[in-house]
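In the two complexes that follow, chain A is the common piece, with chain B as its partner first and chain C second.
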Partner chain A sequence: MRKKKKRSLMLMTLPGIFLICIFVIIPLINGVRISFYTWNGYGKVMKFVGLDNFKALFTDMRLPRITVNTLIYGFGSCLLENVLGLAAALFVAEKFRGRNGIRAILYMPIMISGFIMGKIMSYVFTLDNGVLNDLLAVFGTGPVYWMKNSWISSLIITVVNSWQYMGLCMLIYLAGLQNISSSYLDAAAIDGASGWQQFFKIKLPLLIPAITTCVITNLINSLKLYELVVGLTNGGPNRETMSLSQYIQVLYFDDEKAGYAAAAGIFLFLLIMVLSLPINRFLRSREVQL
Partner chain B sequence: MNHKEKKSTKIIRFIICALIVLIYFMPIYLLGNVSVREATDFSSKLWPTQNPTLEKYITILTDPMVWKSFANTLLYAALEILFLIPTAAMGGYALSRSAGRLSNMIRTFNILVMMIPGTALLVGTYSLMVNLHLTNSIFGIALYGAGASMTGSMFFYTTFSTSIPTELDEAAELDGAGPVKTFFYVIMPLMKGITVTRVISVVIGCWNSYLMPLYLLTKSEKYTILLYVRKLFTNSVIQDVPLSFAAGAVMVIPIVVFYFVMQKYIVGGQIDSSVKG
Partner chain C sequence: MKKRNFVALSLCAAMTASSLAACGSSAPAQTVEESTAKSEESTESAETQAAAETAADAADTVEDFGGAELEMVTRLSTDGGLTELKALCDSFGEKYNCTITLTEYGNEYESILKTRMASNEMPDLLETHGWSRLRYGEYLEPVQNESWYQYQSDVAKGVLEGDGEDAYALMLTASVVGMVWNKTVCEENGIDLYAVETYDDVIEVCQKLIDAGLVPIGSRGSADDMADFAGVFCSYPDAPSPDAAAQLDGSWDWASYKQVTELWAKLIDMGALWEDVATMDSTATKDRITSGSSVFTMANGIGLAATYAKTNPEYEYVSTPFPAVTEGAKRYAGCGEGYAVGVYNESEHKDAAMKFLEYMATEGGELASVVGGYQVISSIEMDNTTPVQQAYQRTMDEFPDTVYVNLWDREYMPNGMWSVFSEAAGMLFSDTSEENQQQVIAYLKTAYDEKYAADHPEQ
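Then we have the complex of A and B:
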């Protein structure tokens, strides 16, 4: 009887595991295989070249800048989203009229496609007729050429990305704050702890599980940043604001170097793994056991 | 805390709220403001349009392709829900009732799958879909979508099922029901609430999904709404900014309205899926 039950439980997981195998595992293996070949992405001719694609990748003149961009998007957004999200969570955790409305508004930009948001924002930051410059003109300051320097463009992408997706962190922190029993805070208040002390000594340590979730999810997602870059700068000027994700797509479909794109894909996967697994382990070890 | 201090915090709070509303509605305001002007109107996008016209909306809404792309998007979402939700709920429940090590493995596996960038899978997926003859097929993209978000959803249902007491299963078992029957008659009804939030998040995901549809749905009669709008934004021959903004508004406004109506489920579901894990 027990054995039969166990078997039917296993059978119930099969449809899901089947779909995962077809659409995640097989493409991944397929991608690794293609990275050892030169291929234009659609033709019949595939030539085995061993590790040549990887050798070419690590001598690619564009790779350092694109990797640095990816790191700026990844760590910059992760930091900003967590700080903004925590601040927003503390703000809407207070009771005031219209609090639910503000909460809903702070989460709203996530509903808007990253591509469309990028397009709108590109009109905000342009030099001529840009929305931000029109606003500055009201205060009598001259137009600023926001996108002149590609490093500044990268920072703008980071800020827009953090602003758009900060609501997710806010909700996670809000749930974390709601889980903190008010008896701890009351006891601390009786002992004379100030608001800041309560935050740093009680709330923050108890929020570490929420911090783990927020940091890891946002780090992974922002290292994969793609649509917003396409919408905002399309990687330009001269591929200088590109993220690795966009570079892979350009290599595959525009430059028709499928093998090379697959190698870049594996590089990005390994980069994400090397960066996020140790951080995940570190944060988990700091979680408070009650 | 004296009365005066309270008043000043109230004022500061009000100012912050007002700023939030201004900044967060700015993109939608810009979409609306630019969409009601003529293509030849190059005045500032910030200030309200002089002589607003609905001409661009009429152009968009009388284009049969926009309705076709709305229908495609809804079909895409419906099929993905059909492929994803029952499988993930059933699998997630079964995992939660198996040995603890297995669900721990799924948790680690889930993070690993999350780390695989969509673009890295692009090369492998695209050639697979070509071989399976699933390009330019809403069915194909929905099946792909279900597979790609399976680990996340399964994990979500596993953590939720863990909070359902096993006494319920045992009672059903005593009445002679096997695990499959128990799942459909006892467990599934208990998961109604979180299933609603899952369904909503699939709809939003399909509405905004970009990368795979872009390469797998290349014929314009298979376009989703985002691909339709994208085509107008990236048209390099004729730059009609108001027309693309109108198309953007036609795409963005329904989902924002849907969000505010369904807000309770979306926000609640997000909290459930992130913290309980």
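Then we have the complex of A and C:
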């Protein structure tokens, strides 16, 4: 009976495995294959160059900066989204009038596509008639070129991305908070635990599974950040706010270096693996079983 | 458990790399015969009549394609000719018993078409937007022996054939690049844009506008700004350093290109461009020209004057050819494929697709008039009252001595330089120092040498 159940469950996973093979495994293998060639991405001629594309990654002057940007977007967004999301969840978990409306408002930015959000924000930060500069003009301040310094531009991208996806963390944390039995908190309150103590000693340890989900999901998504960067700065000035995902796209479609773009794609793949695995293992080890 | 986590995370990360992988010669530069607008017009009416007769003869024996279903991909938008193209496809389908389905790709046209080329899933008909030979050539059917090809102008033949190669597209119009001006703001500031004949005049105008509190140039620092008028400085016969031969044989040392970087450095340093030039996009350029806070662009399609007029009709916009470097020298405008269509050489319905080109070569006048451009096939009748055609016509009328030449990068640069110019623009417009200018030139030269060598493996 148990064997039968197991078999039927296995069968149910087959469509998923099939789709993963079609859309992930086969393209991944093809990507690895392409990385050993020079190819313009559409022509009929491909030239085998062995590891040359991977060697070229080490001498690519742009790659260090773009990798740093990617890490800023990845870790910066992950940190902000989780801190703000948890704070928002704690806030909207309380009972007060209008909390459903506030939950909806906080979640709303996720419904907008990253590219559109980037475009909206570019109108906020643009030099000429930008929303922010128009506000400053009310106070008699001249226009500011917010994107002049590429590091500041990278931070702006990180903040906007965090704000947009904070709502997702909020929802996950909210679900986690609602799963914590009030009896633990009541008992702690009777024992004289303060609000902070209740948070750090009870809520936070019990939220570790939610934290694991949020951190890993946000980290991977933010390391792959693409749409927002394209919409907000399009990688400028001088390609200095590009993420690795955008760089791969530019290499493939604009620069017509498909083989090199594939090598850069494998680099991003390894980067995500190397960063996500230990963090995931660490967080899992902190999970509390009740 | 650990193993499962590892597999789960590996799959997540694999999605990243696989999303990329799933996607997936230079022809020697040609000589374009110099041609003015007037010379084109002189033979037009006779040829139109001849073509109409040819079409009438053909109509006597209407072919039937047995309900064939063709696909055509387009980058046109509803207000830029899509409606007219649909009408043309429908009327062709009705006449020849077939269906042409239009697939609209908009801004993603190039990327999607590249992936379709990579996977050999090409449509039967495609718009070639300047790349009929260099990019799409190996996928397209040669057309130079088609009956309608005789009606293509010399300018079109120069662009399509290059140096005696096959032509791969029907070209209804040529797009022309030059400068676009907000004439109203010029006049408000006492500037006669028709008196601007050299780049020294441009600098003078800039100073005047800066003194008036404006940011004269609305350009955004793109590949156009680096490449479109470079020939005026270092290729054309009147250029101070006519290095055309060296550019074509791969021996160019790029020293003369310094004039272009110096011009930009001077303009940027004097405050003639926006502080955020390195992060502006084409929408920002349009917004600033049409709001009157900027006055002109250095290198753009001249049909933009019509687009700007649509955005803000309170101002009058005028397009001009590129200025000369020295007084009295000829003025040039870059000319490339405007509206051009090719046929996939392995199409199942190649006959029907080729017939459609023939049909378009006589019936495509309305479409060409809305898409706009310099008429380069005499077998169609274009309506010169559409806003975009008026913009073109005005430039031709007001600057009759303009020399129309193939786009500089297509003529003198190896394949694949456009994105290099784009990146070089990013470098230059964010730092105009002497040292960085040298780096920009070194970057361009390295890319040029590599790409030239790739295009000429025999050398």
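In this text, the second predicted complex is superposed on the first by the 270 of 290 C-alpha atoms of A that agree within 3 Å, B and C clash if a C-alpha of one lies under 4 Å from a C-alpha of the other, contacts with A are read in each partner's own complex, and residues count from 1 in each chain.
Criterion: a residue touches a chain if its C-beta (ideal position, glycine included) is under 8 Å from a C-beta of that chain, and two chains touch if they have at least 3 such contacts.
The structure displayed is predicted, hence computed values, not measured ones.
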item	value
Which superposed partner A:238 touches (first chain B, second chain C, both, neither)	second
Greater chain A contact set [chain C / chain B]	B
First (chain B), second (chain C), both or neither touched by A:224	both
Partner chain in contact with A:168 - chain B first, chain C second, else both or neither	first
Which superposed partner A:284 touches (first chain B, second chain C, both, neither)	second
Touched partner set for A:272, first chain B, second chain C, both or neither	both
Which superposed partner A:149 touches (first chain B, second chain C, both, neither)	neither
Touching partner for A:43 - first (chain B), second (chain C), both, neither	second
Touching partner for A:141 - first (chain B), second (chain C), both, neither	neither
First (chain B), second (chain C), both or neither touched by A:194	neither
Overlap of chain C and chain B interfaces on chain A (superposed complexes)	20, 23-24, 27-28, 30-31, 34, 41-42, 129, 216, 220, 223-224, 245, 248-249, 252-253, 258, 261-262, 265-266, 268-269, 272-273, 276, 280
Interfacial residue positions of chain A with respect to chain C in the complex	20, 23-25, 27-28, 30-32, 34, 40-44, 122, 126-129, 145, 147-148, 153, 216, 220, 223-224, 233-234, 236-240, 245, 248-250, 252-256, 258, 261-262, 265-266, 268-270, 272-273, 276-277, 280-281, 284
Chain A partner contacts - residues on chain C that touch it in the complex	2, 5-6, 9-24, 110-111, 113-115, 117-118, 135, 138, 274-276, 278-279, 281, 284, 287-288, 291, 293, 416, 419-420, 422-423, 426-427, 429-431
Touching residues on chain B, where the partner in the complex is chain A	10, 13, 16-17, 20-21, 24-25, 27, 30-31, 34, 42, 44-47, 83, 87-88, 90-95, 97-98, 111-128, 130, 143-144, 146-148, 150-151, 154, 173, 178-180, 183, 204, 207-208, 210-211, 215, 226, 229-230, 233, 241, 244, 248, 251-252, 255-256, 259-260, 263, 266-267, 270-271, 274-275, 277
Chain A to chain B touching residues, read off their complex	4-6, 8-10, 12-17, 19-20, 22-24, 26-31, 34, 41-42, 91, 94, 96, 98, 102-109, 111-117, 119-121, 123-124, 129, 131, 134-135, 168, 171-172, 174-176, 179, 209-210, 213, 216-217, 220, 223-224, 226-227, 244-246, 248-249, 252-253, 258, 261-262, 264-266, 268-269, 272-273, 276, 280
